[in-house]
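Okay, got some structures for you below.
You will see two complexes here that share subunit A, one where it goes with subunit B and one where it goes with subunit C.
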Partner chain A sequence: MHSFVYRANVLLTLALTILALMCVIASFSDNFNFPSPSAEIQIVKFNGFQKKPPGNDEVSLTMNITADLQSLFTWNTKQLFIFVAAEYETPQNSLNQVSLWDAIIPAKEHAKFWIQTKNKYRFVDQGSNLRGKEFNLTLHWHIMPKTGKMFADKLVLSGFRLPEEHRRG
Partner chain B sequence: MGWIGDTVDSVKSIQIRQLLTQAVSLARQAVMILRRVWTLIGNCCFAKHIQFSIREETAVLENSYLVSGFILSARISVVLRHLLLVPGMIVTSALIIWKALMCITGSESPVVVVLSGSMEPGFKRGDILFLHMSKDPIRAGEIVVFNVDGREIPIVHRVIKVHERQDTGEVDVLTKGDNNYGDDRLLYAQGQLWLQRHHIMGRAVGFLPYVGWVTIIMTEKPIIKYILIGALGLLVITSKD
Partner chain C sequence: MSLIQDPILFQTSSPSRFRDLFTSPMDWQGQKLAELWMQVLLIVFAVVAFATGYITGSFRTMMLIYAGGVVFTSLVTVPNWPFFNRHPLKWLDPSEAEKHPKPQPAAVASKDKKKSSKK
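This part shows the complex of A and B:
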């Protein structure tokens, strides 16, 4: 006869195998979600635009963010990490991505929102190239799953332009 | 889908020569280990039937484990074989999985355990992250694992700023933990403002909750490790062929 420990061992192994298989299936099922998120960002005003001591341009701004990201949620979604980044090109750098604001959306109910906010992180350039600069505001989202593969995508909103001259608050 | 492409790229990007030597040595190791394991399994399962025919080989094997001196009776040698078998199987399968993951992901440490709460509520202590290292440029929002000079333990945080050079393609990267108030400049080496490419060990692509607790518990409470190993050994000895 098989001993108790032996039976417990077999049971545990089987349980773990099934659990692992379910994780794989849950993660795989995310591939069949074809989301259609929408977002809009307006810059309300530039609060400040200065050249700070080491010689880097710094911008401070207020923006309106409207977004509907409910379709990104599936049954395997734990949370959504979203952020808005200013993206632009300078003579020195082929790409600059500066995160301005971010948020964690814990549930589908909170995924349709409107917010007016100042930039949460400093908008500082490497150098002084921002006068009159055209830039994109990109809404990125990173889907954190309950288990399995992480997905990420973005929505590029273009046509923003910084003031021609430095100015104080 | 993109991930599969990445994987193929990363597999391709390993120098062919290096890949070949790696594959050959890996295969050789695997074959050797598997042969031993299977011999041992064979011994255990069919000990009664074919013990005579493979006695010589068994002796050689046990020689190699420096236990030949202890083989006084058949019973002891069976027990010993068992004792070697289970840890052997566990270790070899772990090794095979680890090496395979290294090949597929192109990262030196393909799996990391989250130790701090700086990425909560996304990643909690004890969760496991699967890393992937590809040639793709690093972009804002990605979760990267990086080493800071003078710190032993790698850190898993999110990239919030990227500046990529026009001419050389080098990147300056700034990271931040989702649950931390400020960015990571306080964690970097004295006077360091940006991370460069060589600091970054990989980016997180997959996630598995809770599994890392096994390692955390075993490192922090070694006694549990010994109890577990002992229990496994006992199980093996007491269970019948």
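This part shows the complex of A and C:
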């Protein structure tokens, strides 16, 4: 500690090391949050169901999404990334997951919401397996932190079924 | 204007006390004190910042309190304040050193008359 520059260096290094430790503890504190999120999705209607070239089924649908994800937020949460995926089984694949819609929730106040929307991304199958298919709509969320570990989880909503026949709309 | 430093007495020719805060060396007791205060202050501010941020649920609060604490600590412990120089070292006056020259090793074969050990 024999010169000004030396002391300044020690202070800067020590301050940054302590800051890193604070961030580790802050991230660890997220483990003490036990959230209770809830969500509901209703399919308003199927807008279209076609077999497109080169032979893959494509669905277009409108859905109502209601959710209360406020309990997922902690003091260390930067934002919530959520998406809805359609999940189903085919002879070719044991699990197909197709992302239909996603959103970023920047603050706790916006985490309780209702939205009616068409699927943002195309619901396309590998093949033509979707007629009369039963599928789940799963709401996934990624809790993106200000610092440290990101937590991800999901809520499975089952009981959806596609129409038996192809149709224009 | 160049700074003339006496290597033995560690005195600078510039009379500015403000300048001394940045350039003058700190005595040993002061250095120990500065190190201690630096560590204590930073840790105390870190704990207070974390506790306040966690309780109020505001990450921003934690960062602001800690940043303020770092600035405060740097103002207290980095410049060479007078209270860090309360135990200055008493160096031997050069004229005294000349009166008592360093003894030469006796085992050397040649018994040369001792020369003054002036550097």
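Just so we're on the same page, the second predicted complex is superposed on the first by the 168 of 169 C-alpha atoms of A that agree within 3 Å, B and C clash if a C-alpha of one lies under 4 Å from a C-alpha of the other, contacts with A are read in each partner's own complex, and residues count from 1 in each chain.
Everything below uses one rule, namely that a residue touches a chain if its C-beta (ideal position, glycine included) is under 8 Å from a C-beta of that chain, and two chains touch if they have at least 3 such contacts.
As the structure is a computational prediction, the values presented were derived from the model and not from experiment.
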Fit or clash for subunit B plus subunit C once both are placed on subunit A? fit
So in the superposed three-chain picture, is A:76 touching just subunit B, just subunit C, both, or none of them (first/second/both/neither)? second
Touch test for A:4: subunit B only (first), subunit C only (second), both, or neither? second
Have a look at where A:126 lands relative to subunit B and subunit C in the superposition and call it first, second, both or neither. first
Look at A:31 in the shared chain and tell me whether it touches subunit B only, subunit C only, both, or neither; answer first, second, both or neither. first
Considering only touches as defined above, state whether A:43 meets subunit B (first), subunit C (second), both or neither. neither
Mind working out whether A:146 is in touch with subunit B, subunit C, both or neither, as first, second, both or neither? both
Please indicate which partner A:22 is in contact with in the superposed arrangement: first for subunit B, second for subunit C, both, or neither. second
Have a look at where A:107 lands relative to subunit B and subunit C in the superposition and call it first, second, both or neither. neither
Superposition-derived angle with apex at the Cα centre of subunit A and sides reaching subunit B and subunit C, degrees in steps of 10: 40
For A:156, select first, second, both or neither according to whether it touches subunit B, subunit C, the two together, or no partner. neither
For subunit B relative to subunit C post-fit, closest CA-CA distance rounded to the angstrom comes to 12
Hey, what residues of subunit A end up touching subunit B and subunit C alike? 2-3, 146-147
Touching subunit B in the complex, subunit A uses residues 2-3, 5-6, 9, 23, 27, 31, 78-79, 81, 83, 85, 91-99, 102, 104, 106, 121, 126, 140, 142, 144-150, 152, 154
Enumerate the contact residues on subunit A facing subunit C in the complex. 1-4, 7-8, 10-11, 14-15, 18-19, 21-22, 25-26, 29, 74-76, 146-147
Spell out the residues on subunit C that touch subunit A in their complex, using ranges where they run on. 21-23, 25-26, 31-32, 34-35, 38-39, 42-43, 46, 49-50, 53-54, 57-59, 62, 66, 70, 73-74, 77-80
Contacts from subunit B onto subunit A in the complex sit at residues 1, 3, 121-123, 137, 139-143, 158, 160-166, 169, 172, 178, 183, 204-209, 231, 234-235, 238-239
